[in-house]
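Sharing a structure, written as structure tokens. Questions coming.
Going by the order they are written in, the chains are A, B, C and D; count residues from 1 in each one.
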Amino acid sequence: MFDKLHEECGIFGIYSQTKGSDVAAQTYMALYALQHRGQESCGIAVCDDGVIHYHRDLGLVPDVFDKETLDKVGMGNMAIGHVRYSTTGQKSRSNAQPLVVRHIKGAMALAHNGNLTNAMELREGLEMNGAIFHSTNDTEVISYMITKARITCGSIEEAVCKAMYEIQGAYSLVIMSPSKLIAARDPHGFRPLCMGELDGDYVFASESCALDSIGARFIRDLDPGEIVVVDKKGVRSITEHCTGPGHFCVFEFIYFARPDSVISGASVHTARMRAGSFLALEHPVQADVVIGVPDSGLDAALGFSRQSGIPYGVGFNKNRYIGRTFIQPTQRERERSVRIKLNVVDATVRDKRVVLIDDSIVRGTTTGRIVNLLREAGAKEVHVRISAPPFLHPCYFGTDIDSRDKLIANKMSIEEIGAHMGADSIGFLSVDNVTKIAEGAKCGFCIGCFSGEYPVEEPKKVQKNKFEVKISENLETAD
Amino acid sequence: MFDKLHEECGIFGIYSQTKGSDVAAQTYMALYALQHRGQESCGIAVCDDGVIHYHRDLGLVPDVFDKETLDKVGMGNMAIGHVRYSTTGQKSRSNAQPLVVRHIKGAMALAHNGNLTNAMELREGLEMNGAIFHSTNDTEVISYMITKARITCGSIEEAVCKAMYEIQGAYSLVIMSPSKLIAARDPHGFRPLCMGELDGDYVFASESCALDSIGARFIRDLDPGEIVVVDKKGVRSITEHCTGPGHFCVFEFIYFARPDSVISGASVHTARMRAGSFLALEHPVQADVVIGVPDSGLDAALGFSRQSGIPYGVGFNKNRYIGRTFIQPTQRERERSVRIKLNVVDATVRDKRVVLIDDSIVRGTTTGRIVNLLREAGAKEVHVRISAPPFLHPCYFGTDIDSRDKLIANKMSIEEIGAHMGADSIGFLSVDNVTKIAEGAKCGFCIGCFSGEYPVEEPKKVQKNKFEVKISENLETAD
Amino acid sequence: MFDKLHEECGIFGIYSQTKGSDVAAQTYMALYALQHRGQESCGIAVCDDGVIHYHRDLGLVPDVFDKETLDKVGMGNMAIGHVRYSTTGQKSRSNAQPLVVRHIKGAMALAHNGNLTNAMELREGLEMNGAIFHSTNDTEVISYMITKARITCGSIEEAVCKAMYEIQGAYSLVIMSPSKLIAARDPHGFRPLCMGELDGDYVFASESCALDSIGARFIRDLDPGEIVVVDKKGVRSITEHCTGPGHFCVFEFIYFARPDSVISGASVHTARMRAGSFLALEHPVQADVVIGVPDSGLDAALGFSRQSGIPYGVGFNKNRYIGRTFIQPTQRERERSVRIKLNVVDATVRDKRVVLIDDSIVRGTTTGRIVNLLREAGAKEVHVRISAPPFLHPCYFGTDIDSRDKLIANKMSIEEIGAHMGADSIGFLSVDNVTKIAEGAKCGFCIGCFSGEYPVEEPKKVQKNKFEVKISENLETAD
Amino acid sequence: MFDKLHEECGIFGIYSQTKGSDVAAQTYMALYALQHRGQESCGIAVCDDGVIHYHRDLGLVPDVFDKETLDKVGMGNMAIGHVRYSTTGQKSRSNAQPLVVRHIKGAMALAHNGNLTNAMELREGLEMNGAIFHSTNDTEVISYMITKARITCGSIEEAVCKAMYEIQGAYSLVIMSPSKLIAARDPHGFRPLCMGELDGDYVFASESCALDSIGARFIRDLDPGEIVVVDKKGVRSITEHCTGPGHFCVFEFIYFARPDSVISGASVHTARMRAGSFLALEHPVQADVVIGVPDSGLDAALGFSRQSGIPYGVGFNKNRYIGRTFIQPTQRERERSVRIKLNVVDATVRDKRVVLIDDSIVRGTTTGRIVNLLREAGAKEVHVRISAPPFLHPCYFGTDIDSRDKLIANKMSIEEIGAHMGADSIGFLSVDNVTKIAEGAKCGFCIGCFSGEYPVEEPKKVQKNKFEVKISENLETAD
């Protein structure tokens, strides 16, 4: 709704030792818990005694799944699920996941979170050998790489392991063969993936909140590079690609993940509060109340309040009913749209010096409008504090910061940004402190979008229609 | 979603001096802001040069209105809108409002919030004279009473004024004739209704948050008993039924109204914080953190925290995607449904003594489950504090407490309720303090549901199928 | 789809001696058989032990009713159903039937086919006494008249009988009270209504084809003016308004009714073949093949062929998939739209002298286009024969010929019509013969639309917004 | 609706020399004309300056395409379209066409009618080289074969030509590359494909009726084995695979094709009348009236009537509103379902000796019920005549006779079939005469389903899940 970065996916998988289990229902509920990671499309694939049934479509979980569609995918002993965010206005059903394909050894279903950095090169190589592609997403490339490896490998997990030498970039995967459930995380561990247990069944999910939602017990995060295989013989791990603590996307802690999730041993909620504390130390200000932009700024606002001693207040009411279908009939309404979504609680801010906490600024337009709303409601001063450093560089690992041009921090100095927004002062979290927010986390971090230093080589070829949903190549013009 | 009382309606009206205005768009946006007052059905009626067009249906505002249906109701110089909550599982399109009828003097559209206490008697009297009813709601009774009065009155406003001598109970009304917009509030002022101004146009709404959402300036609340008429000659007030400060439903301050609304000069948010403060004074406890049940318990939790000095914490993540269409596929899932909607932020409560604030308890089942979730997440102690007195009596004035039997406070002592929930202690706001929460409010209060003392006579006849959506009388059996 | 007159309704009713019968399913199937009489909206009301449940909406039977909605209306011992055609582009859910109302003696559901000639006067009289109207259809007027009578009558059937002294014009009715099913036909018998028996249950339907569709045995047509009452005591007839053979709409035989129906003892199919025979005698021509415009011209074409000895041929393929949702994207397509719906079978007409039979001409545009298609397909001559006389006068009794202006026969001579269409010759059935087509029919006929002589007085006041679906009076402007 | 064989597809393509043409609208209208060839799913792909946009889904053309979806595929200079029938109860969106893929040289869209006989072998070969499949239809196999050939061929048409040496069986194809439209027909010409011209643009369609529907001029049928290429340089033909008159599916003339189509120079309508004439000669009978089962038996009935001199009559009214969504609520209704769809016109058959013409018998159940209806309506005798020989053998070329077991003619003698149906006599068209019905047709015929003699080798491997829509292999179990 607002001017935010977007994660691209959430994934889930479950393996039950009991045939005919209601694994689809578990997946359905888990996808609700992961919905914040992707709202464009979703899908569930169930494996029942070697046969895979699936349903996927554009829309939120409640749009795509009802009693009828859940019954259609049916009972089974394994299931995987996926929620996907589209980073462009265009939406395509053909990009919905899980991807279900048939290859030389049978059927395979995949759900994927992340972005490959060498997808374009791999794709061209495959096409040179006669491959055809139905979609533009990396998941189809991964399927081909596993399929190719499978021809010479003795098992699906070996094929996954072999393919991982060739695919580069960010990926967390759940893969379902007729008899196995496989979860894998790239050697840098950019995207989260954890493992749990539910009445003896194994489950995998992008975030621990999905385990909570189905009552599963959290076991541990997968290590960067780890492959976990579950089948009737039990669970085992392949650690051939495990090389170190990895580079986990710090923005998962700042914004993407749900506050009630725990990642690498650190609570997301606590990390956000700590980000607020650091902010209060780095950019102190005299003020009467600290408020956060709902929902993602609230935790940091509470942290700022506790550190600074300035009282925490409820500054806004967020309208929970405004969704994707909201119509803005006229220009007059368009300008007022922030107000419709977010109304100031006047009593909190009138005649007060206000500290306003938001978690990040991409283009800056929304924050400016919010500052203006606070002024109209009688705030005497508005001090903007951002619980992340400024975005300066693109992300190649599964979020939608794909262009330097749109980032306000590349066009203005920090002071100019504050002035542009009409703030009395502005302060961003420092790059130094951002990696310290997840206290106790047992992982390294990727902070490429802030620092420009990436843990892996930047892609040589960026697929020019990376997010194009229509098939739109015109290479054929030569013939 | 949870075990809450329900308001029955929200209303809105706009009169523009300019023909062909986009009054439907304003109404559409205002209904979004009032959606919390009713989620079953909604509708908009537009008057364009004396001709009334309308659309209404079951569903939320985004379900019922899209570009096509908004275009269908079209442009005009007046509009009224309505959101409705159904107090039973049954839903009926025939009860959706605005009600649009044709009578001897032309067309009339009505939107109504409240419940009459003598609807049944009026209805029987009308039927004795040949009236037929298409629905079971009070609005149709009100239409008949105004129509009957209109035969002998010189104007629609006189007819409304005359009808108000006969209809008893709670009602806030907006009425649209071909040339006038009329807003009226019952002499007790049970339900809110305020007035604002937008670029020279007059608007009326159940709550001030709806004025904010369209950028209108708040003028004032209507007085209890007041009738306001707007037509091309301007605005005027009929105060014949105004007799005093009235008896405003205190539960609007506690739960129904949006926290960013201001009613009778008092901020709803501030009132809720004060309720929390009173609670801290009435029922103090040694604890490490105060958390509220989202969303309605958060304000009182903050008030409790400020008064008691116990830190405020974020105890839960509420899943914003779980809606009416959520399927609970199996019994196992049903039991877990609270967890799916509300997940505990472990870091906030683990090894802590927790004060849990909720705004009211009807049946008590949900609160008990929430206490249990906190225990599972490691809370050492859970002290439940409720920012309203116990419900002991039915409400006849527009909410759905219609039976003493379902109210837990009629079955158990307060201590028993606490034990039943597994709480370490429990405390309710006192009846004495409940009327003091809205500091500075210029109105009297109805606290009938807590005290059993009602400002008007209890209904003699309760329509037995009051909330039945099917027409279901079998009086004809005699013939 | 084509340029045709439209019937306004079809009705059905069933009374079962067994409680909890699947009367809704019977009604559902019967409405399919009556769908040709009305495609705008439909509905079913079921009475289960005195309680009436109903569902109605815009759309065809398969659009409005599915498993869920049929289950919703549920089981019972009586049901009535209705299909409705809208005579304007505007459609309104509020005009859908059955109409279900509650009055002094309980609930009542009505389904109605026809048009009153004094609806406006009755309506004004009711409004003078405080009545309010939710719709613009005559059914609501009839409900009020019965309700008014019911106050002083001892039973619902007496009230119906009394009301019939006041309502004038065309009506076939089925009425359901909590304990009785009543069927009634106006004293002129303009619209059809017959009675049948199914496993001991009584059923009523606009046409006998609906009885066939559910496997019911045809008993007889209701007499003009007859009231039939079914209740637990059995079936009885009130003949107080029965005065003679009546004036049945002859156009039911020519076009409205389904060819497999039998009305007043005459087969509709046979009547259409006879119309073709008469045409062959009245307007003989030398030709090679006789073809009919599908579907309604086919029977008369066969009759013409048999009488004339000219071979019958299949001249067209009608596209069964083109429905209401067909989009004509551009003007070029619009002009071709007849071709999309109706393609000539070239082999039948190439180099042939063709007799083209259609059942009526309203505006004449479509027939002209069809003549042109035949020429393009190589027909040497095209002789148009119409199995009805020219429309010259409005119909006040339930069809949509409401204006002389649109009727081509009021603007041109018959020869001019033929020339306008590009036909080599043209011939219409004579007014003398039109009443003879239903050989053996035991009824008189209304031929007002052809002759201008009506069996009842023409309406003094025509409701100006008779077909307006929006409420659109602006009488209020005086106050 | 009834017990009929089903064609599997209809295809269409258009190439315009004008960029930005409304080729989607033309395709939309043409698909309406081809809807009888496939009702499960449909789709349109448009090429606009080298970029391909498409939309496809389950449902009829009016279900899948509305203003919004047509606008979405947009304007362009080429388009192809497809309608598909599912031969099983299962439906899958993933089998909808056109198939749009990206390969080494760019994008490609294909629409296909027919069935390959070596699909399974080709598929296995491709999988051995790492291919992955998203669907189970032959079109994906064809795409791979063309893609593979394209790597070494200089142009897309050369690749198509090369691939045609490897794919065996029945196929009519339209293929769209970024710059070319290619139409191709298998060397046996099993399935129809013709070519036309519309205002200088070239169009291709399964049947000529689709050309008529958009006002295009028929040019000629493609020869068996012919490839036609259209690009900006004009139109050209590749005849390398053209080897003779081919083996056209005779059942296209008997049932599949629309009667107003002309195939190989012969009118389908005339062929059906001739089939009726042959039947009258082969199986003469004394009778009073000849009636056909609508719609497909009507032409043959007219031919039988003309040959025999027995009058042609209209025996049935077919309910045009019964569609896929018809609910048969109870068993009682299920048994009556034929009656709901097809009601006898009693006047035509009462006390008559009736000849009943149908075009084919698969399982025989429906015909038996129809005979019974005629008896109930008073027919004295019922003589069944079938305008095709008995089905005895499976079809491998694009229809759904896939099992000998379900064919009644494999279980009973002809006399037994007649007795089973309750007919007084029965007669089938002879295999000798079936190839003579299309008088003047310039093609050879496949009559494999009647004779068991096929023009090409029967498939060695029949894909076991040929029509399975779910991916359902469990070959992986070894690993």
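Observations on the model:
Rule of thumb we're sticking to: a residue touches a chain if its C-beta (ideal position, glycine included) is under 8 Å from a C-beta of that chain, and two chains touch if they have at least 3 such contacts.
This one's a predicted model, so the numbers in the text were calculated from it and none came from an experiment.
By the document's definition of touch, chain A and chain D have no common neighbour. Centroid distances built from C-alpha atoms place A farthest away from chain C. Centre to centre, using the average C-alpha position, chain B and chain C are separated by 47 Å. Averaged C-alpha coordinates put the centre of chain A at 37 Å from the centre of chain B. The mean-CA centres of chain B and chain D are about 60 angstrom from one another, to the nearest whole unit. Within chain A, contacts with two or more other chains are made by no residue at all. With chains as nodes and touching pairs as edges, the resulting graph is a single ring in which every chain has exactly two contacts. Every pair of chains in contact is given here: A-B, A-D, B-C, C-D. Residues 49-54, 93, 100-108, 126-134, 136, 140, 143-144, 147-148, 151, 154-156, 177-180, 470-479 of chain C are the ones that touch chain B when the two sit in their complex. Of all the residues in chain B, the ones that touch chain A in their complex are 22, 24-25, 28-29, 32-33, 35-36, 60-62, 65-67, 70, 209, 212-215, 258-260, 262, 267, 269-270, 295, 298-299, 302, 306, 311-314, 316-317, 319-323, 325-327, 329-330, 333, 336, 339-340, 343-348.
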